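Here you go, one structure.
Just so it is clear, A, B and C label the chains in written order, and each chain counts residues from 1 on its own.
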Amino acid sequence: MSQKITNYPGHEITHEDQKERRYLDIEYKFVPRYSWAAGVAISRFLDELKEGRIIARKCNQCERILVPPRMYCEQCYRPTDQWVQIKDTGTVNTFSISHVGTDARRLKTPILVAVVDLDGASPGMGILHNLGEVEPSNIRIGMKVQAVWKQPSERQGAITDIRYFKPLEA
Amino acid sequence: MTPGLSTRELMFEAASRAYEDAGIDPRKDVQSFVCCTEDFWEGISITDEYMPDQLGAVLRPLCTISSDGIIGLATACMHIMSGVADVAVVESHSKLSDVLNPSEIMSFGFDPVYAHNHIDVDPRFLAGMEMARYLKDSGTRREDCAQVAVKNKKNALSNPRAVHAASLDKKTVLNSQPTASPLTELESSKGIDASIVFVLASAKKARKLGDHTVWIRGIGWSSDTPVVEDRDFGWADYVEQAASRAYKMAGIGVPASYFNLAEVDDTYSYKELQSIEALKLAKKGKAGRMLESGSFDHDGRLPVNASGGSLGVGHLLEATGLHRTLEAVLQLRGQAGSLQIPKAKKALVQSWRGLPTATGAVAVLSN
Amino acid sequence: MLESPKELSFEASRMALDAAGLTLKDIQSVVSGSAPDAFDGVHMKGEYYLDGMGAIGKPHQRVYVGGGTGVFTPIGGWWNVASGMYDTCLCVAEEKMSPLHPHPQYAFWSIFDQILERPLGTTLLWIFSLEMRRYMHKYGIKEEEIAEVAVKNKGNAIDHPCAQLGAKITVDDVMNSEPICSPVKRLDVSPPSDGAAAVVLASERVAKKLTDEPVWLDGVGWTLDTTHWTNRDLAYPEYVEKAAKMAYKMAGIKNPRKEIDIAEPYDPFDYKELHHLEGLQLAGKGEAPKMTVDGVTQRDGDLPVCPSGGLLGVGNPIAAAGMMKICELFWQLRGEAGKRQVKKDARTGVAQAWGDLMQVGTVTVMRR
């Protein structure tokens, strides 16, 4: 604020004020509903997940193997060329231990989250997923991990068909 | 509807075609990308995040303007005029097929305190109210509005892009299911999917790029009050204001005789007539009569929505303005096929952001 | 705050117009900036609040690049004026996060990929903590060094009249604060807030009539990186570098570290100030922490950074936060910042904001 201004408009209220509804408010719930078309690339990705496999796309010009797969290479700006099966193992690129949920409430059991660079894809091609079967204090960047899949009958063709990634047995 | 393609894949298709047509490589030749999207139509907060890759804009200047496509064109113009870009790309799209409750989303745009929670009906009641007032104030006949739907849906039969073309008569339109009287369903455009991409360039660059250039001579946009109750429902102030800015920029004195064709807002049938009058293409209250006498037909003195408009082709949410522009550009390039208006040289395009807004934009194009 | 989005916008716009000695009639166009519609709870909120921004009957554009919006709003104003289309432009950034229940953070769940990320229960804190850890790992930076930024900024904020979290804290306080999403702890983060800020931009001709001390927007830049943030190395913000280079080129700056006197990078988390300083070419890669520990970035240092108190101290109403930084530079460059005034004679400042999925960099260079 400028030192020239002496009158500051605005009335600050606290979370308690809001909770106790000390001021007039109008509450409403709104539920927008969508059914997003996954498109060609992600539909195939999800189909493969259902089969317990991870699939990527290759751009023959830059020769990168891209995951999550996409029908266009954003660097070369051209359609990608072929499907490539990659492994369900990888390396932890970065990780975190979350103690709060999506609505900022504290969680009883922290969620372990990581970006896993997948083997078989180009270097640095990671996906976001959870980690499991590991003590938080033992997680390291560079750690080798492998996917733990749901039972075939439980899989739906979703990213959650992989339960989490666990440390690769030596 | 495009269930087989994701929004991003749809955009890639459109952008690839545009870049091919312009003869440019987005990774090298473009200095600014502008997208026109609204979060709730996409189902994503900060839709801007999902724009760059498919447009070739990774690690390039890309921004999102939450407004109609023509305002996106104006933004790109300002980028070029300010010198920050020589070539700018504008994109907008509609993927309405992904949205399951579009009516509720439209209602969600209404004032949360005074309107949204108390009125539990199809939000198009606002269009019904506006239509009633327009008919009264302008003296336009009810059947003239129906004729707009007849004209546009018939025009659309020749448009390869059209989804809602039909051969109807006024009686059928008037007797169709009421949406919010006096508006009927056949006079209310329906949403479709599409992605539209334009490549703009400075004059110097455009001359190097090809011989199909269409020039933007003037562009203007304006917003009336969001407080719905304060508006003059009968007259489209926002169109008049936007048009006067565009006309001033283009140096147009008498719009009514200047243009060879016009693509104007027809989200609802009465909107076409109301916009025509606010655009000064017809005197106040006279648009209905001129329509009846055939002035705005495909072979009339001033073809309006020869493409079929939103009523005939389909409505494209924020991309509607770009749709109007696309149809006009094809005309000016002589690439409109069976829709072609002979000797098309000067076109007017106008759009509206839809309920509950009073925001619109106008552009003057020539070849 | 009690005020509605329209009222917040009005208060900020009114203050800006008064400071410029103008009325709404003198304004030819309006650019507004506000981040997710989900916070205010209105679809197309750019249309909803435009009366509060004085945009009735005027050409209005709402720019929206996530968190980068605050610094992008005056960039929008810049192209309105620099293009020659308008002589004056009112730029207003507004954010009201408090309406969303149970917690504003919830809106951020919807910024993630619907198919690949949301089903995992992704929160905004995840991506920042993942980035923080990668940054620390690559350059061998310790949490204590990063905590110094929180100490500095919250301390600076004590002198800001609008500050939410101005306080004198220590590195130990930060290290002992509640872990939220490791390595991010409570005192490493800025709070959700309500606020609005505004500036008036004018062409050279008009500005010279209005004041003897204009501050010029000499350089603007913005860049957006790929949607696929999991395919990037998060340790370095390349998008900030590109945006900064675009702005520096326009402003004729060849050696940023020497030519920039004062910086307001975006600091929603303490590590971000460091990350962004490196992207802004004001510190070498991995070297920003040392600058902080050495006191270079204090108000009396050689390169004061966030003398306002930044987002960590003042608050983080997403879009308005970036604009707050623009306003701070304006006052600093004119010597009006009162208790927050930096010691050195500041002539050139840089403001930067960041947003989307850690993709967008928006940069402005301001000069007296």
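Following the convention adopted for this analysis, contacts are C-beta pairs under 8 Å (C-beta built on N, C-alpha and C of every residue); 3 or more make two chains touch, one makes a residue touch a chain.
Note that the structure is predicted; figures quoted are calculated from it, not measured.
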A-B or A-C, whichever has more C-beta pairs in contact: A-C
Chain occupying the middle, per Cα centroid: C
Geometric centre distance via CA averages, chain C-chain B, whole Å: 34
For chain A paired with chain B, centre-to-centre distance based on mean C-alpha positions, whole Å: 36
Centre-to-centre distance between chain C and chain A (centres being mean Cα positions), rounded to whole Å: 26
Residues of chain B touching at least two other chains: 8, 40, 43, 52-53, 58, 105, 108, 112-113
Where chain A touches two or more other chains at once, by residue number: 28, 30, 34, 36, 38, 42, 70, 74
Residues of chain C whose C-beta touches two or more other chains: 41, 114, 226, 228
Residue numbers on chain C that touch chain B, as the complex places them: 4, 35-38, 41-44, 46-51, 55-66, 72, 78-80, 82-85, 107-108, 110-111, 113-114, 220-228, 238-239, 242-243, 246, 250, 355-357, 359-360
Interfacial residue positions of chain B with respect to chain A in the complex: 2-9, 12, 19, 25-27, 40, 43, 52-54, 56, 58, 95, 97-101, 104-105, 108, 112-113, 116-117
Complex interface listing, chain C residues touching chain A: 1-3, 8, 11, 14-15, 19, 41, 98, 101-103, 105-106, 109, 114-117, 119-123, 125-126, 129-131, 133-134, 137, 160-162, 178-184, 226, 228, 230-234, 327, 331, 336-339
Interfacial residue positions of chain A with respect to chain C in the complex: 1-5, 8-13, 18, 23, 27-28, 30, 34, 36, 38, 42, 46, 66, 68, 70, 74, 93-105, 111, 113-115, 124-130, 136, 141, 158-160
Contact footprint of chain C on chain B as seen in their complex: 8, 33, 38-40, 43-46, 48-53, 57-67, 71, 74-75, 77-84, 105-106, 108-109, 111-113, 220-227, 237, 241-242, 245, 353, 356-357, 359
